[in-house]
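Notes for the one structure printed next.
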Amino acid sequence: MSLNEFLPLAVIASSLLPGLIIFVLPERYLALRTALNLLGAIAKIVFIAMLLAGVQAGEDYGFRHAIAPGIELVFKADALSLLFITLSAILWLLTTFYAIGYLENAPHRSRFFGFFSLCVTATMGIAMAGNLFTFFVFYELLTLSTFPLVAHRGTPDAKQGATVYLAYTLTGGACLLTGIIWMNSLAGNAEFVHGGFAATIGDGHETALRIIFLLLIIGVGVKAALVPLHGWLPKAMVAPAPVSALLHAVAVVKAGAFGVVRIVDEVYGAEFAQSLGLLLPLAIVAAVTILWGSLRALAQDELKKRLAYSTISQVSYIVLGIAMFGSLGTIGGLVHLVHQGVMKITLFFCAGNYAETLGIHKISEMDGVGRRMPATTAAFSIGALGMMGAPLTAGAISKAWLVDGASAANMEWAIWVLTASSLLNAAYFLPILWRAWFRPLPVAWPEEHIPRRKWHETAWLLLLPPLITGILTVALGIFPDAEISPLTWACFIADVEYQALPK
Amino acid sequence: MSANLRRLAVILGAATFVWLLADTLFTLPLPAVDLRPLVSANLAQSGVTHPVTAVLLNFRGFDTLLEIAVMLVALIAVLASLPGDSSRATVSDNTDDMLPAFSRTAVPLMLLYALYLLWAGAFRPGGAFQAGALLAAALALLHLARLMPAWSAPGLLLRGGLVAGFLVFLGIAAALMAGGALLQYPPAHAGMLILLIESTLAVSLALILAGLFLFVSSDGGTPK
Amino acid sequence: MTENIALIGVFTVPLLWATLAFLLGPGRGAFVAITGSVVQLFLALILARSVLVDGPLNHSTGGWGAPLGIDLYVDGLTAAMLLLTQVVALPIFVYARSYFAPGAHAARHFWPLAGFLIAGMNALYLANDIFNLYVTLEIVGLAAVALIAAGGGAGQVAAALRYLFAALLGSGAYLLGVALIYGTYGSVSIATLTPLIDVAAPRVVSIAALLMFAGLMLKSALFPFHYWLPAAHGGAPAPVSALLSALVVKAAIYLCLRLWLGPFAPLVQAAAWLPGVLGAGAILWGSAMAIRTPRLKLLVAYSTVAQLGYLFLAFPLLTPGAAVLGAVTLQAIAHGLAKAAMFAAAGIIIHSTGRDAVAEVAGVAERLPLTLFAFALAGVSLMGLPPSGGFLAKWLLLDAALNAGHWALVAVIIAGGLLAAIYVFRVVRQAFLNLPEELADRQKHTGRPVPRVLEWMAFGLAAASVLLGLFSVDLLKLIAVGNPL
Amino acid sequence: MTSELLFAVTGVILFAIGAAGTILLANLLRRVLAFNIMGSGACVVLVSLAQRNGIADPVPQAMVLTGIVVAVAATGVALALTRRLHQLTGECETTSSVEHD
């Protein structure tokens, strides 16, 4: 097996194998379990680094395995997949640290970390899937491996949340499956290519292709939480904080958004999708989602719920960017795929810290928490400002590109949507910051788990990850076009997708 | 659906079925394949002179092998269906002496006739099954005449008797693989082998058939 | 010669060890059974390999050859079913060995009966003679009935009787069909009959075919003939349920398939929609019942009713040239493995909670993670989610249905998957709940500790049903050998 | 029509009666009898159709012999189970309820 075949597999195996081993590990083998987790996470990042270098040098990486005559599992590590797996891998490493601290002496940790690794594996598979069949395999694997994490606490509303989650995702999966098989019956088991393969199917199938597009978008839209398919996301917030952070801020919703990218750009191809008149409706759905998510977020008092609705709104920035016909929008969307992940995970880390340290779950309980937990709250503030698109944060960059994309695709209304959304973001984030920093301390916190010590507002393992991602948020905002930043990489992708560098 | 309606439906269905099927039978052409010449042509190599026995133990011997398996399964099924606690096998006190007297004379004759049937099977109607059935009847008669207790869970000896026929048959069938195929008798020894199989089968079948009756009657059979 | 010995051995070996187990006495024989099953698995592999390499294989018992003698025939389909039977039987036997408490009444005659059951099925797959098939059907039927009834209470005995009469009615209809066929053509050899039967065949042949199919559908519990199955499979001891649900019903369906594609092919094309409709009914009805029943094993049994529906659903697609046979067989195999695993897991759960109720599964995720994992994995295959064998089968079926433009079938298959998800996750999500106090106390008394080997057997079967979806190239190649499609 | 055909039709009728009985009757002993009638009907058809031109055919006769033995076996099992059910419940009928336990 050549290196070019080995690396994609290695990226998958580096989380799959630890996961499987951890399942059979007895609960008490804490050190070994931790070692396995970190080893896997670090190994993965090393492999990905090799891939990044290789792909920039024009190498192409792929692996295929026939599972039945005419049906193949195909993995391709191309520029687009790397954007996604790099993000997931780095955040996985941070989240692993965080989870180790978060779940100290909690029960069922073997199960938790086992399925956690499976989720990451599934995400890697989705990112590197080379055809719709492979994409579906890992898409459903993600659903299945997330279920136990949502149900992890074993409380009735955990069961409830997990059930709702399944009801949405499995139904979406059924639509996706129908669409994929239909598409394959027209195009054969075609593989993703820049510019898409649907155009080659030829005339006479336009209607079929439109219906298929609808089915596929519904399929991935459920995970991307497009309105009206978003109902599961707030309910799934019963999961432990690391799960909400990595999965519901990054892996699951991003898998959906990523699916939209693949379908629009590499199944249909932007031009063909545009010619079928599919992009505008998609853009409208995205716009509606953006506004609806922000509006609902305003109404939430529970911190995680508000973040969840904000996620719903933010993820659709990506979809909106892709749905804008033109390279600028695509770049904006792709960059936001990364930036939103970094910012949102910061916020969820902090929310988890508040809950773990002081038992704060509601925004109304956050008065003066800034003085009790300055570092955490600083990270939180950065994330929040980023979400609003404040200058010098990652959010500013992606929004700028999206606006340019909108005007380039002369979709002025999209600009209004983005502006409105930014205002709404401000409307539901600034009050939190104000409470946290400027309101007086309460007499007592809801339930203080971790007492304050000098220079020690909470456990280090809980504090470091949000600080790192917070700093990252700023860094991405200040040096957007560094040697290998998400932005440059997104331009690289748009370059191959549209064969023309953006002016 | 009410019971009467259901009954009516089934009966009507059965009637139409008979009508449709019978109707087709009248216009049925003669078969394309005729096995009779084949049977008589190969009778010489079959080791027996009676065509039915030849089919049973040679041409379609595989059927018969599996059929013995069916009998064994049935017997084990009966044993398995017995209540766990029934191991008492009693001869209840003798009420009349008519039946015993009759059986005392009948059973030896039945044994004799069974032997004849077994031997006759080679060249005229008869054979292991008929013989076995007759022997089983004799055993049942003995039990009904209260000269023999019902059988409780079988001991090793009885179990051996029950499976002996099948084991011999199976063993010979497998050993004949040497000839290239299952149950491929060498014409020279076919007669002898078939006789061996038939005689052990007769005993085992007798025990099995009797067992179907005698094991079941070992428990009171009254509701608990 | 080796493959001939393998061919004969695959049913003589179980006949032998079944007899020995009986000879050894009540409750004895686990060892010979497991040893024998290992040998059978080995022989089945030899057969499969030889079929894959040298094509179909014919063996004339007694050396006479059809139509005078009885022929045994192995093609890819046969070899695949033989493999399935041995692959499921072996772990289930290891499971049964630890499952039955020593001296348990249900176990006293388990081994000989199980042996005859397996032997009967293996012979059934091989026989190429419709009368010999009748005898094998009876072996399988009676052994199955006995296994259900053995040492059970009134409910089990009643279920066994209901099953027995269904089976007898079925084989009776089948036998009359055989009689009519023999009366018409003068032969019972499938090889001889196939060229003789054509579209111009007299109507009596169609009636015979109808009788035989009806009988077999009764035995394979195709909706609406499924009435006997839930009580029988839901009431028997777990290892028995596993064997029945995973294998026995498949035997009758296999026979349907053989006759459908073989001798009766010219007659059935017109009626191909009928099994399809009944199959759809089975999927919807079986799933609906599985979603409603409060009992765990009954849920699994109803899921069998539903899953068998997929096999008949495919009959309208079984047109020459289509690769549907592969999909059907794959579904049969995947379901066999998954269902055996699921009954094994259900048995473990009931063993440890002491109650056969879905509500009592709470807390199993904590106590028996491996068992729950096995149950869920098996469920993945039943739902047809990737990367399981059930998924691959469903994918192939959907592909065929779409290419043939059968949108109704597509809809049913998709709906069936979602319904399966509902009843599988009914159990799984319950298992994640923390065990309520009062139940915990009660289960201390009713429940018993679980031997690890039980859990591993269930897990192994489930894992196999999932991995099947990733490594099916050779299997599908094998199935394609010598089948008329 | 020949006497063989008469036998065949009789066999069909016996089968139909037996089948209807097996389906309709509630009492298990009667159902056992009905099943036996059904089986013998099938056997009669098998033998008689095969010798429509008068000459006996040994093959179906041997097959019928097998069929009879199989029927005996099945009857034995059915009776034993019926007896067992009677011991347990005091009745000779199967209830049709699935939940029955």
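Per-chain residue numbering starts at 1, and chain names A, B, C and D are given in the order in which the chains are listed.
Please note the rule applied: a contact is a pair of C-beta atoms (placed from the backbone, for glycine too) under 8 Å apart; a residue touches a chain by one contact, two chains touch by 3 or more.
Keep in mind that what you see is a predicted model, and the values were worked out from it rather than measured.
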By mean Cα position, the chain sitting nearest the middle: C
Distance between the centres, which are taken as Cα means, of subunit D and subunit B, whole angstrom: 16
Interchain centroid distance [CA atoms averaged], subunit C/subunit D, Å: 26
Centroid spacing, where centroids are CA-atom means, of subunit A and subunit B in whole angstrom: 72
Contacts with 2+ other chains: residues of subunit C: 131, 135, 138, 142, 145-146, 149, 157, 180, 182-184, 186
Residues of subunit A whose C-beta touches two or more other chains: none
Two or more partner chains touched - positions in subunit B: 21, 25, 28, 31, 35, 39, 59-60, 63, 67, 70, 73-74, 77, 81
Chain-level touch network, classified as line, ring, star, complete or other: other
Touching pairs among all chains present in the structure: A-C, B-C, B-D, C-D
Touch list for subunit D against partner subunit C, complex: 8, 11-12, 15, 18-19, 22-23, 28, 31, 35, 38-39, 41-43, 45-46, 49-50, 52, 60, 63, 66-67, 70, 73-74, 77-78, 81-82, 84-85, 88-89, 94-96, 98-101
Residue ranges of subunit A in contact with subunit C within the complex: 23, 65-69, 71, 73, 107-108, 111, 133, 136-138, 140-141, 144, 147-148, 151-152, 154-156, 158-159, 162-163, 166, 170-171, 173-174, 177-178, 181-182, 184-185
Contacting residues of subunit B [partner subunit C, same complex]: 20-21, 24-25, 27-29, 31-35, 38-39, 42, 58-63, 66-67, 69-70, 72-74, 76-77, 79-81, 84, 153, 156, 159-160, 162-163, 166-167, 170, 173-174, 177, 179-185
Subunit D-facing residues of subunit B, complex: 6-7, 10-11, 13-15, 17-18, 21-22, 25-26, 28, 30-31, 35-36, 39, 51-52, 54-56, 59-60, 63-64, 67, 70-71, 73-75, 77-78, 81-83, 129, 209, 212, 216, 219, 221-224
Subunit B contact footprint on subunit D (complex, rising order): 1, 5, 8-9, 12-13, 16-17, 19-20, 23-24, 49-50, 52-53, 55, 57-59, 61-63, 65-66, 69-70, 72-74, 76-77, 79-81, 83-84, 86-90
